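In the two assemblies presented below, chain A is common to both, partnered first by chain B and then by chain C.
Right after this comes the complex of A and B.
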C-alpha cells in the first residue's frame, strides 16, 4: 500500500467507526421500534461504505459495486417487511414502544 | 445442473402467483410437495458425479458458482425431508385457504434460499441467500397476524438484522484482506498471511453473526419467543432446518474451506457449544409451553453440533453431519406432534393437557420416539450421532467436554420424560373429552418420521458408511 491509499484508509476507517458507533448507540438508547430500525440502517450504511473502501483499495471496484447494489436491494426488502410488522404492532398496541412488547416471556 | 435446485422452487413460486387463483390454490401444495420429493429422490439416488457431468446453465448469466460435495448432499436431503413435512403439516393445520397458499409460497422461497446456501461457494451469496430465508421466515412467523406472532417476528427480525450487519462488516473486511469474496480466494489470503488483527476481527464478527442466526446460547433469546408465537407448521421449518443451516452447515463449510481451525477458535466453538447445551437443557426444564420447550431443546441440540465442530477431528465432523440430519428429523417429528396437539386441544400449555395417551396413541408413540432420539437412547438415531460425537471428544483428549455432553443428555432425557408424563400419561384433563387423532395426513406424517428415526437408528451402519464418512473425508 502506498502512502495515499493508506491515508485514505484511515480517514474512511475513522469515519466508518464513527457511523457504526452512532448506529449502535441509536439501537441501544431508543425504546422506539422505528428508531431501532433507523439505527440498523445507519449500521448497514457503515458496512456499505466499508465494502466500497475495500473494493477501491484492492482494485475491485466492479465487484464492490455489484455487492453494494445487491445489498441495498436486500435491505429495502427487509425494511418493507419490518415496516409492515411495526405497522401491525401499532394497530394492536396503539404504541411503538419496545417496553410494551413484553407478552412473550419464559 | 446443480442450479436446478434453486431455479425450480423459484420458478414454481413465480408461476403459482401468475396463474389464476382458482387453479393455483389447489395446485400449490402438490407442486411444492412434488419439488421437495423430487429433491429428496435426486439427492438420495444419484452419486456426486452425476451432478458435475452437466455444465451449469446459470453460470454465464449470473457469474454465480455452485458446487456440491458430500456435506451439501446430506444438507440437501435434510432440507427436502423437513420441507416436505412442513408442507404437509401446513396443509392440515392452517385452515384459511389464502393463508395456506401464502404459506406454501413462502416455504418454496425458503427452500430456494436454503438450497442455495447449501451449494454456494462465496461469502456474499451466502449472505444473500441467508437473508432470503430469513425474510421469508419473518413473514411465516407473523402469518397469524395476532399480537404475539408479530412480537415474535419482530424480535427475530431485529436480532437477525444485527447478525446481518455483523456478517456484512466481516465480508467487507475479508474483501479488504483478500480482494475477493469467494471461499478459495479468502482461504488463500488467510493461509498466506497467517491472519493478523483484521483477519481475526473478521472471523469473530462472522461467527457472532452465525451464532445469532443459529440461536446459540448467549444469543438464543429470540428463538423460544419466535417458536411459541409462530404457527406450528412454520416452527417445523424454523427448528427443523433454518436454525441448523447457519449453526451447523455454514459453520462446517467455513471451518473447512474458508478459515482453517486454529486452537483459539476451537476453544471458542467448544465453549459456545457446551454453553448452549447446558443453557438449552436447563431452560427446557422449566417450560410449561410445549413449543417453548422444544425451542430450548433445539438450542441444546445445535450446541452438540457446534461442540463437535470445535473438536475438529474427521470423526467429529462425521458425527456433526450425522447429528445435523438426526436432529433435523427428530425436531421435525416433535414439532409435527406439537401441530397435532395444538389442533386437537387448542392449546400448547402442557399443564392443561394430560392423559392424551389413550386418545392419541400414535402421537404418543411418535412423540416418545422423537424425544428419546433427541435424548440419545440406544436403538434410535440420536444415540449414534451423540455417541460418535462423545467418542470423538474422548479421542481428541477432551474428557471434560465429553462428560458435560453425557450429563446434558441425561438432562434431556429428564425433560423428555416430564413432557411425556404431563401430556400423555395420567387421567384425562378437563375439556379434552373430544380429543382424538388429528386426521389421517398428520398421523401418516408422524408415523413416517418416527419410522425414519427408528430405521436410521437400526440401519446406522448404512447411513454412516454412505453419507457420513464421505463428509469426514471431504473435509480433510
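Right after this comes the complex of A and C.
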C-alpha cells in the first residue's frame, strides 16, 4: 500500500459510507426481525473497518485491534441475546414480522 | 491504493449488497459470512492480524451459526408466500443499488481527500500489551458483557413453570 495515507482513507471512507447505507437501508426497509439484525451486522462491519483503517493510518494498530476485539465480543453477545429474543417472540406469537407484533404491553 | 485492495473493498460492498437484497434468509446469512471473511482479509492487509482472526472465527463462524440456529427454529415459507414476498421485496429494494450508485458518484466527484495532519504515535506497540496492560478495563467490561449475555439467554430460554 504505497499510496498517500489520506488518499487511502478517502477511498476506503467512500466504501465504508456505501456499506453503511446498505445496513441502514436493510434495517429501515424490512419487517423481518432477523433481517434487521443482519442489517445491524453490516453496520457493525463498516464501523469495524473504519476503526482498523484509523489504526493503520495513525500507526496505532495495537490499540485499534484491542478496540475491535472488544467490539466483536460485545457484538456476539448482543447477537446471541437478540437471537434469543427473536426466538422467544416467535414462540409466543408464531411470527417475527414486526407488523404483526402488536400485542406488546405498555 | 493497490489493485487487490480495490478489488477486496468492491467485493465487500457487493457481498453486503447481496446480503441485503437476497430473499432467502439462509442466503443472507451466507452473504454475511462472506462479508466477514472478506473484511478479515482487508484487516489482515491493513496490519491487524489478530483482529482479523477474531473477525474470521467469531463473526464469520459463530454469528453465522447463531443466525442459522435462529432461522432453523422458525417456520419455512411456502412457495406462494415466497412468490408474494419476492414481488414485495423487488418493489421495496430496487432503490438500494440506485442509491448506492448515486451516492458513490456524488462522493467520488464532490468530495476530496481530507487535509488532516495525522498524529505521530510511537510504533512497535504490541496488541497483547495494549490489551492486557493499557486497556484492562475493557477486558473487565467484556467479562461483564459475556456474563450478562449468558444470564440473558438463560432467562430467555427458562421454562415457564407457572403455565404448567
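In this section, the second predicted complex is superposed on the first by the 100 of 106 C-alpha atoms of A that agree within 3 Å, B and C clash if a C-alpha of one lies under 4 Å from a C-alpha of the other, contacts with A are read in each partner's own complex, and residues count from 1 in each chain.
We adopt the following convention: a residue touches a chain if its C-beta (ideal position, glycine included) is under 8 Å from a C-beta of that chain, and two chains touch if they have at least 3 such contacts.
Note that this is a predicted model, so its numbers are computed, not measured.
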item	value
Partner chain in contact with A:60 - chain B first, chain C second, else both or neither	both
Chain B versus chain C as contact partner of A:38, first or second or both or neither	second
Partner chain in contact with A:47 - chain B first, chain C second, else both or neither	first
Partner chain in contact with A:101 - chain B first, chain C second, else both or neither	first
Partner chain(s) touched by A:93 [first = chain B, second = chain C, both, neither]	first
First, second, both or neither for A:26, with chain B first and chain C second	second
Contacts of A:85 with chain B and chain C, given as first, second, both or neither	both
Chain B versus chain C, judged by how many residues of chain A each one touches	C
Contact residues common to both interfaces of chain A (with chain B and with chain C)	23, 37, 48, 53, 55, 57-60, 63-64, 67, 70, 74, 77-78, 81, 85-86, 88
List of chain C residues in touch with chain A within their complex	1-2, 5-6, 9-10, 12-13, 16-17, 19-20, 25, 28-29, 32, 35-36, 39, 42-43, 45-48, 50-51, 54-55, 58-59, 62-63, 66-67, 69-71, 73-75, 92-93, 95-96, 99-100, 103-104, 107-108, 111-116, 118-121, 123, 125-127, 129-131, 134-135, 138, 141-142, 145-146, 148-149, 152-153, 156-157
Residues of chain B that touch chain A when the two form their complex	124, 128, 131, 135, 138-139, 142, 145-148, 150-155, 157-158, 161-162, 164-165, 168-169, 171-173, 175-176, 178-181, 224-225, 228-229, 286-289, 292
Touching residues on chain A, where the partner in the complex is chain C	1-12, 14-15, 17-19, 21-23, 25-26, 29, 32, 34-35, 37-39, 41-42, 45, 48-49, 52-53, 55-70, 72-81, 83-88, 90, 94, 96
Parts of chain A lying in touch with chain B, wherever the complex brings them together	20, 23, 27, 33, 36-37, 40, 43-44, 46-48, 50-51, 53-55, 57-60, 63-64, 67, 70-71, 74, 77-78, 81-82, 85-86, 88-89, 92-93, 101, 103-104, 106
